[in-house]
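In the part that follows, the structures are each spelled out as structure tokens.
There are two complexes below, and they share chain A, which is joined by chain B in the first and by chain C in the second.
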Partner chain A sequence: MTLRSLLRAAVATALAAAFVATAAAAQDPRLGRLDPGTRPLVAVAIDSARAAGLPTEPLVQRALEGATKGAPGPLIVSAVQRLAADLGRAREALGPGTTPPELEAGAAALRAGAGPAVLTQLRRARRQTIAVPLAVLTDLVASGVPVDSAAAAVLALAARARDADLVEFRRAVERDIALGAPPTAATAAAAAAADARISQLNAGARENRPGRP
Partner chain B sequence: MFEQPEDAVERIVRQLQRPVPIDPAVDGRVMDEIARLPVPGGRSAARVAWGWVTRPRHIALSPLGGLAIATGVAALALVLSGRRPGSAPPAEDTPREFEFVVVAPRAASVSLVGDFNDWDAARTPMRPSQRGGPLWTAVVPLAPGRYRYAFLVDGSRWLADPAAPRARDDEFGTPSSVVTVGGS
Partner chain C sequence: MRGPARIAPAAPSTARPATSTRRAWAASVTAAWSLLSVRTAVAQMTGTVDLGVSTVHYDGFLPSGAAAVTPVLRWDRPAGMLTASGTYLRFESGHRSLQGLLAGSFLTPPAAHAWRGEFAASAGASRYLDFASFWHVVAEARLHRLGAERGLWVGGTAGTTSYGTAPRPVIAADVGVWARRSEVTLRLAVNHAQVGDTTYTDLESSAHAGRGPVALEAKLGARVWSRGGGRGVYGEGSATIWVGGRTAFVISGGRYATDPISGSITGRYLSAALRVRTAAPRRAFPRDPAVLHARGADGATVLRAARLEVHADRNRAVRLVVRVASAALVEIAGDFTDWQPVALGSASPDTWEVTLPVPSGVHRLDVRIDGGAWIVPAGTTRAPDDYGGDVGIFVVP
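For the complex of A and B:
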């Protein structure tokens, strides 16, 4: 090995150490709960997400969850990196103006198996925030509803339903599943009931509205 | 014999300076006459004021002056509508209190940990039910969003919430639950 190559290696090592040290120095103080080997790697992942314009709080929370649960460092780092990647995919599907709660819910929906197209359709279908519809979709899948059925039901309701209607819809599905109904049938029945309730509410609102000439 | 002009002026001045008796009722008579005069054009004061207000006028305004007036009007509208410039819409971020309940028989302590308290077991200790028994509760204000959480029993045992959906994206080998808080 020549003197020049030794010098190159030394400079590269020093630069890498400086980069990691800078990231560690600017890191969130809450990351002090991570072990010293894991902390700078998580900090680098969080800094990369910040530079990409992604929300960093979910990443901090995921790292803290791992620390509190006593997970090994590499597992925490990979969980944070995977969540950052999911947040990036969610933003691609939902568009640049998406709020952090929507991105977080979108990342969870993607992890649950919903395709990016579902996220995009949901964005187009609903004028209000779509954090809750996405969360309801994820929760339904977690309850055993096939992702296609869950996505179809949420998409059908999203345009007119309030957040509270969607949460109530999810509860109804979970209740029926707990009582023994097949998940797909429970979803279809609860979606129909929710749709009828929303139509009724809207009709009532129209009746109560002052008349026009 | 002719009077010198200076003498004539002096005489006239003296005449004018001489006090003249005036009828004390003359003020009252003058005012009565004025009151009896008709209003010009037959218009009341209100109509005169309305005419003044509604008569078109040409107003010269510099661009800077126009901008200042527009800014003032916008600020006034914001103040009247109860919002400050730059403040978020009053909408959906208001935290709501959520009660978490878990059944943990023979537990000495139970903590609620999650995305809302930095997964810090010391932050939200749960309280045993006042009626006794295995029920533990905690109330936490939550803004709209999706939160992962779990219960930590006696500092070592993890419990998911049986009354809530399970977190699918759990990568640490212990169960977590999800609570979704709606904003509308």
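For the complex of A and C:
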């Protein structure tokens, strides 16, 4: 090895160390709960996400969850990196104007098995924020509802339902499943009931409007 | 389709083994909807009993009325399913028959490009009077390519079947596609089978639609080529209407083809049945309010149970209530506490609560009782965390 290559290696190492040190120095103070070996690596992952325009709070929370659960450092770093990748995929599917809660919910939906196309459809179907619809979708899938059925139900309701309607719909599915209904049938039945309820409410609202003079 | 009249005198059964193509279709639907929910970590057992009457006209026989009882027990897992079913049938003549079927399938973990493998097996037997006895055992392997709204599969089947004589080998291959749009699923498949010296090729299509408590299914097929298995066009339709959570009316009818594997012969039928869904005997569902114990967040330890209730106010303050018996200290930690333990106040001997600002959206949390291990409380959705355990998920509107 020549002197020049040794110098090059030393400079590269120094730069890398400086980058890690800078990232660590600028890190969220809550990351102080991580062990010293893990902290800078998580900070680098978070900085990369920030540079990419992704929300960092979910990444911090994922790291803190690992710390509270006593997870090994490499696992925490891997979890943070994986979540950052999911957030990136969610933004691709949902578009650049997506809010951080929507991105976080979108990442969870993707992780649960929903395809990016479902996220895109949901974005088009609903004018309001889609954080809760995405959360309900994720929740349904985690409850045993096949992702296709869950997505179809949430998409069908998303355009007209309020967030509270969607949460109530999810509760109805949960209740029916607990009573013994297969998840798919429970979802379809609850979606139909929610749709009818929303239609009734809308019709009632129209009736209450003052008529034309 | 489970119409009680889908029965041949020699192999009477409402739940008779389907043809390879039918199995492939059923599997593809199961796969299409089950494979996409691979992260679901729950099992579910469901049971139904069909009580029905029907009129049936088998080719070469006089029309006959029949009454049937068909219990079906189904155990679903994200990576597979197991079904056990039976049929007791009594014809107008007073003759009776019995049939049983055990079928299961296992799905491989997801691979690149949405490819999934499936291995399935089924064994069935039937008996009519004291002269016609059938049995079959077949194994299948299938490769699926799954998309969000469409997919395809290719598969092969091998096994053996017998109807009172020497067993005959079964060899079959099938290929099919499916597509789903909104609440309608369409399937198209081609199946070629050889059962002993009988060979046939079926082309089949089907449509399934469900809206609210009503599910409709239709099939149209043709045995386009055959040597010893008959030819012709056949079609069936059924409507299932759920009334309440556990009872449904099932009306079905049509004409089906001879199935040389199970021994059923071509027939026409029209049937009406009352379907009663039994309570799930061994359902392990994470939100089940009857859950007595909760697993630890490490996914293994059996710990004391806790149940979470979330009460959201308009001002974004959320009251979290944990119900747990005989506790001295109850804490929660979640993404709204920076995963720092927060002690709950005792509202009554079994009720603990705290009010915190929790923003709208999906949240993760765990509960700890008396300084023990972190557990996932009932009332939340249990999901794998990234640390080898589980975490509870709940939504705030």
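One rule holds in what follows: the second predicted complex is superposed on the first by the 212 of 213 C-alpha atoms of A that agree within 3 Å, B and C clash if a C-alpha of one lies under 4 Å from a C-alpha of the other, contacts with A are read in each partner's own complex, and residues count from 1 in each chain.
One rule holds for everything that comes next: contacts are C-beta pairs under 8 Å (C-beta built on N, C-alpha and C of every residue); 3 or more make two chains touch, one makes a residue touch a chain.
Just so we're clear, the structure is a prediction, and the values are computed from it rather than from any experiment.
J.: Mind checking the superposed model to see whether chain B and chain C fit together on chain A or clash?
T.: They clash: once the shared chain is superposed, the two partners overlap in space.
J.: Which of the two partners, first being chain B and second being chain C, lies in contact with A:R111: first, second, both, or neither?
T.: In the superposition, A:R111 contacts both chain B and chain C.
J.: For A:Q128 in the superposed arrangement: first (chain B), second (chain C), both or neither?
T.: It touches chain B, and chain C stays clear.
J.: Once the shared chain is lined up, is A:V77 touching chain B (first), chain C (second), both, or neither of them?
T.: In the superposed model, A:V77 contacts neither chain B nor chain C.
J.: For A:L103, is the partner it touches chain B (first), chain C (second), both, or none of the two (neither)?
T.: neither
J.: Touching A:A192, do we find chain B (first), chain C (second), both, or neither?
T.: second
J.: Based on the superposed arrangement, let me know which partner A:A178 touches: chain B (first), chain C (second), both, or neither?
T.: The answer is second: A:A178 touches chain C but not chain B.
J.: Return first, second, both or neither, reflecting whether A:T138 touches chain B, chain C, both chains, or no partner chain.
T.: After superposing on A, A:T138 lies in contact with both chain B and chain C.
J.: In this superposition, which partner touches a larger number of chain A residues, chain B or chain C?
T.: Ranking chain B and chain C by residues of chain A touched puts C first.
J.: Touch check for A:D163: first (chain B), second (chain C), both, or neither?
T.: Touch partners of A:D163: chain B and chain C.
J.: Considering only the stretches 43-51, 187-195 or 385-393 of chain C, report the one that runs into chain B.
T.: Clashes with chain B appear only in stretch 385-393.
J.: For chain A, what residues appear in both contact lists, the one with chain B and the one with chain C?
T.: Shared contact residues on chain A (touching chain B in one complex, chain C in the other): 30, 58, 61, 64-69, 71, 75-76, 78-79, 82-83, 101, 104-105, 108, 111-112, 129, 131-132, 134-136, 138-139, 141-143, 162-164, 166-167, 170, 174.
J.: So in the complex, which bits of chain A are touching chain C?
T.: Checking each residue of chain A against chain C gives 30, 58, 61-62, 64-69, 71, 75-76, 78-79, 82-83, 101, 104-105, 108, 111-113, 115, 117-118, 129, 131-132, 134-136, 138-139, 141-149, 151-152, 156, 162-164, 166-167, 170, 174, 176-185, 188-189, 191-193.
J.: Along chain A, where are the residues that touch chain B in the complex?
T.: Residue positions touching the partner: 30, 58, 60-61, 64-69, 71, 75-76, 78-79, 82-83, 101, 104-105, 108, 111-112, 128-129, 131-132, 134-136, 138-139, 141-143, 162-164, 166-167, 170, 174.
J.: Given the complex with chain A, which residues does chain B contribute to the contact?
T.: 92, 113, 115, 118-121, 144-146, 148, 152, 158, 165-169, 171-174, 176, 178, 180, 182-184
J.: With touch defined as at the start, can you tell me which chain C residues reach chain A in the complex?
T.: Contacts found on chain C: 32-34, 36-40, 42, 44, 46, 147-149, 180, 182-183, 210-213, 215, 242, 245-246, 277-280, 283, 285-290, 297, 333, 335, 338-341, 359-362, 364, 366, 374, 381-383, 385-389, 391, 393-395, 397.
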